[in-house]
């Protein structure tokens, strides 16, 4: 951390900061500038609270120098993490595709979707049994019945099941039925839940919050890893900006940045990222070209009858078309698909 | 809802939309424009899913016309909701102040803070026993020990206790010790938790998420009301924008907008809203002038030793100064204080 | 500036950074941390280009320590700047009000507005002769004819005239007719225009760009001051965020921050800042309570017939009501009005 | 436009809106809903000002139904616009690359950059002679001397020259030397300048403003087309968001959306879009995969000595590497390169 003094800070004020640093058992490095003095701090193990210094007289600002994440960091583990789920995998050279409906609605709907996405090359089936909805009056998911249908679809197709856990109460049940647990964007900083996921023996697909910085996103993953679960995939799904023609702004910048900072696999969700059915394939291609390890795509046997997200769900033949396009890009970049 | 057709939509495409509307038991109103046809839908009870129509051939866009909130709405209940907690209250003509430390750190710290804020006119004591922290390596709160200290401080001062519930697991414990339960910004769309709060017999202080629209904020409150708890106060605490000189951007626009749309009391948190200790009083004055019903202010007996939020916490004499300034504005606007 | 090295940077890489700093005639201060080395730079006059170092091997990041603004800074000039325009003034203890229509539409419209706002206490008349409109098909203003009408209204009422310059071509003409030149939000970083304003002998009302940081806003003012014109007022008028119930998000945080960093007067535009007629008075009150030196308010004799901004313009009696409320807050805070 | 009445609007209020619509020579279509009445308006040629209705009694909201752009729209001109500049071109099946330094600094620097980018397949040379800089104390460009060097580099390499016009004063001079005129992001809504570009006989590369919506971006292009110049290319270069690890957030969503809405060529600038040298190639690949027609890339013979944008400029060999990767993606998607 760097403590920047005001231009007119007195020597006594500078000394007081230095004394406080030393009292914390740390080392102070005063840097006398032309306009002002800055004081570097070294010797701390974790991040320092800026407020320790910002309210001392004469202090203008405190600047954090090191990144606060550790276990998720490539500095700590240089090799890519690969998550194996049976023969399916997230991370590594091959690109994986997770596909399926937004919500599990019925046995017929789910099986038709599962068979369709399997036929076109998906290895994971997505489907929500517990649905976070902005309004309490919208369809909230089938609950355990939905989980059972997902397990049935797994049996029927061999696809691995990815489903969202919304609440610690449902965690044990989701662990029982699912292969990968998804944490939704709105729960990315539900720290109590994140801690519990640390004790779970299933991989986690952690979605970035719509207003989470990349740093906060990595710190949310750090909560899970530091509580004992190292099987975490990071999912960029669009951030909230002023642009309103698209549902979110898919932040593909995050893909190379995350890959550079962290060893965890990076998944991209173009369905939520743009929110417009006809443009999902373009963003799926772009995500792979940017270096994503996996895609998650909403597919519905009949999007115009979907109970949720119909405007961004692909019909099965459209998904087949998307897969063909993505395959072309993946092959060109020498990524098995 | 309004379904807008493409300029070149065929009559058959228009008819298909109309047929689908009728099949849902609703009424279609075609409006033939110079450039394109729009079709109004009436007869629906709740909100319609846009995806029902957006993927039909010839459809350009779907536009929601009505606001989706009901119970929180002033259209449903024109009179202001006033939350009574013993003699203290949130809402109504008088302006309430909730003050205290970010985290409960020790008996001495809490009692000193509580006595200080009481002396200057606060009626509620804030203090976190469970702390949501971006990093798992930062201080996470004292847990039940913190709640006990809050109860002790209540006994010592008569202040009512406001504290954050982070997780359903801690809910019963928090209900036991606290007078008002705070839901933090990061949990605003933790729908599972919101639903449980509907069954609780304590008032809720719901903080706006850093990237929540006013509409989503009201819908989060709607979750609590529609599950049976009508005692909800809405707290604006700053939204996330590109500006980085301040911790958040305090959205005071939200104050008159919320007061117009909803009957619920509106609280403003200038401490998080600007995040700079020296500017908290200016924003507290502004909040009251904009029409806020209450303020929540971080106060610490010794901000430079705070374990969290020291850079935005006021010392007790600074809080006294703030209260004097706020009193002047409140009196001028004929709001008892 | 601080150059932060990667954790695994070699001594040779560190030495290369130090050598480059010295080659620029500056001083290097290496701070060996537990995880990584940071190198402080002192001795530079202006801001250093981060790219000078960021592409050297072993460099992780460069961090700017000092603020880049000088002439606008309170560190350089501690006393408030007060802009005098005849007996009217912007800045200082008294609060000024600039009011009038968005666009000058006709002699009758302008005179009625001018007389109305004068009657209720405004000292400046606003009105656009050149209008920046998102669409080329919308009303673009009356041009010189509008300027003449403004001059006429000044004669009739004694109000000082504030009007927007959109282009260097119109600058001489605007200087001839107006008392204060407004630079619109979309032109805040039209640096060619800003430089020309440096040579003008009229005060400038500089509006903050909708996505400009406070730092960029101050740097835009710095362009004008450093080119010779010290009469600049800073106008906060709302920033662009994800919130879409309001036209912009009025950033009142900027008021105390700007007042602390700069000696220039701070004006607030609640009309654009919230964009909803019925809520303009609440935000005007809040702006004054936050410490604004002046307000700029859109007023139209008949808002429902306005050619632009009718949804956020007040009728004259509504403006009278606003002035009464603002007067109450200003008096309470001992600011003459 | 749709005028939405309040739930409790009286019949007289509804009639007043209908009367006003008719008085404007337009047609009103009242749609009686369960909760409220909405009134559709047809018969208008251009966009209607919302304020015409929003201040009438009983009106809750006004909603724009049609998009306001015309000449830039694919509805008006279904075929792609291709801009020909000698043998080079922007738009069409082939992907073009514009490359070169941020600023023209010297003859040697520019020629070395030009020869380097030519060798690796660029067909256009970029280079700024007039530089928009946040601070007045930073390097502002060489002016006409820079333009002459660009012309010299064109002669030496055959590359077509793209350079930024910052001001109408420099327009004639830029037209004389350049092949394509760039309008920078900060000038996207400098409407006076846009109008003048309508009369120019050179193609325009229009950059999206950092906080411009896609709609506003298209309307800015509409200014140029409606003033007579149909040779406009749209350049996405990153928008401003809360994320601060990257310079901007490259909005690749905008690529398929712009291609669907407009016939104009779409260029992507990954250099500004991510602002981190090592990640520019990933974003260049992603842009092409998303459907971009051209790329604009900052290349400097020696980035660590660049006077501007060194942190995001590629050295020539790095650019060669980028081109190879982009070629692979372009070929896979059957786009000549």
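First chain written, first letter: the chains are A, B, C and D, and each begins at residue 1.
Rule of thumb we're sticking to: a residue touches a chain if its C-beta (ideal position, glycine included) is under 8 Å from a C-beta of that chain, and two chains touch if they have at least 3 such contacts.
All of these numbers come straight from a predicted model, not from anything done at the bench.
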* Structure fact -> Ranking B-D and B-C by C-beta pairs in contact puts on top B-C
* To do: Name the chain whose C-alpha centroid is most distant from the C-alpha centroid of chain A.
  => C
* Between chain B and chain D, what's the gap in Å when you average each chain's C-alpha atoms? -> 38
* Please work out the Cα centroid separation of chain B and chain C, and write it as a whole number of Å. => 30
* To do: Spell out, as numbers or ranges, the residues of chain C touching 2 or more other chains.
  => 211, 240-242, 244
* Touching chain C in the complex: which residues of chain B? -> 211, 213-215, 239, 241-246, 249-257, 260, 273-274, 276, 278-279, 282-283, 285-291, 328-329, 331-333
* For the complex, which residues does chain C have touching chain A? -> 2, 4, 7-8, 29, 31-36, 38, 40, 42-45, 63, 65-66, 75, 240-242, 244
* To do: Sort out for me which residues of chain A touch chain B in the complex.
  => 20, 46-47, 49-56, 62, 68, 70, 130, 132-138, 166-170, 186-187, 189-193, 195, 209-211, 216, 219, 222-223, 226-227, 240, 277, 303-313
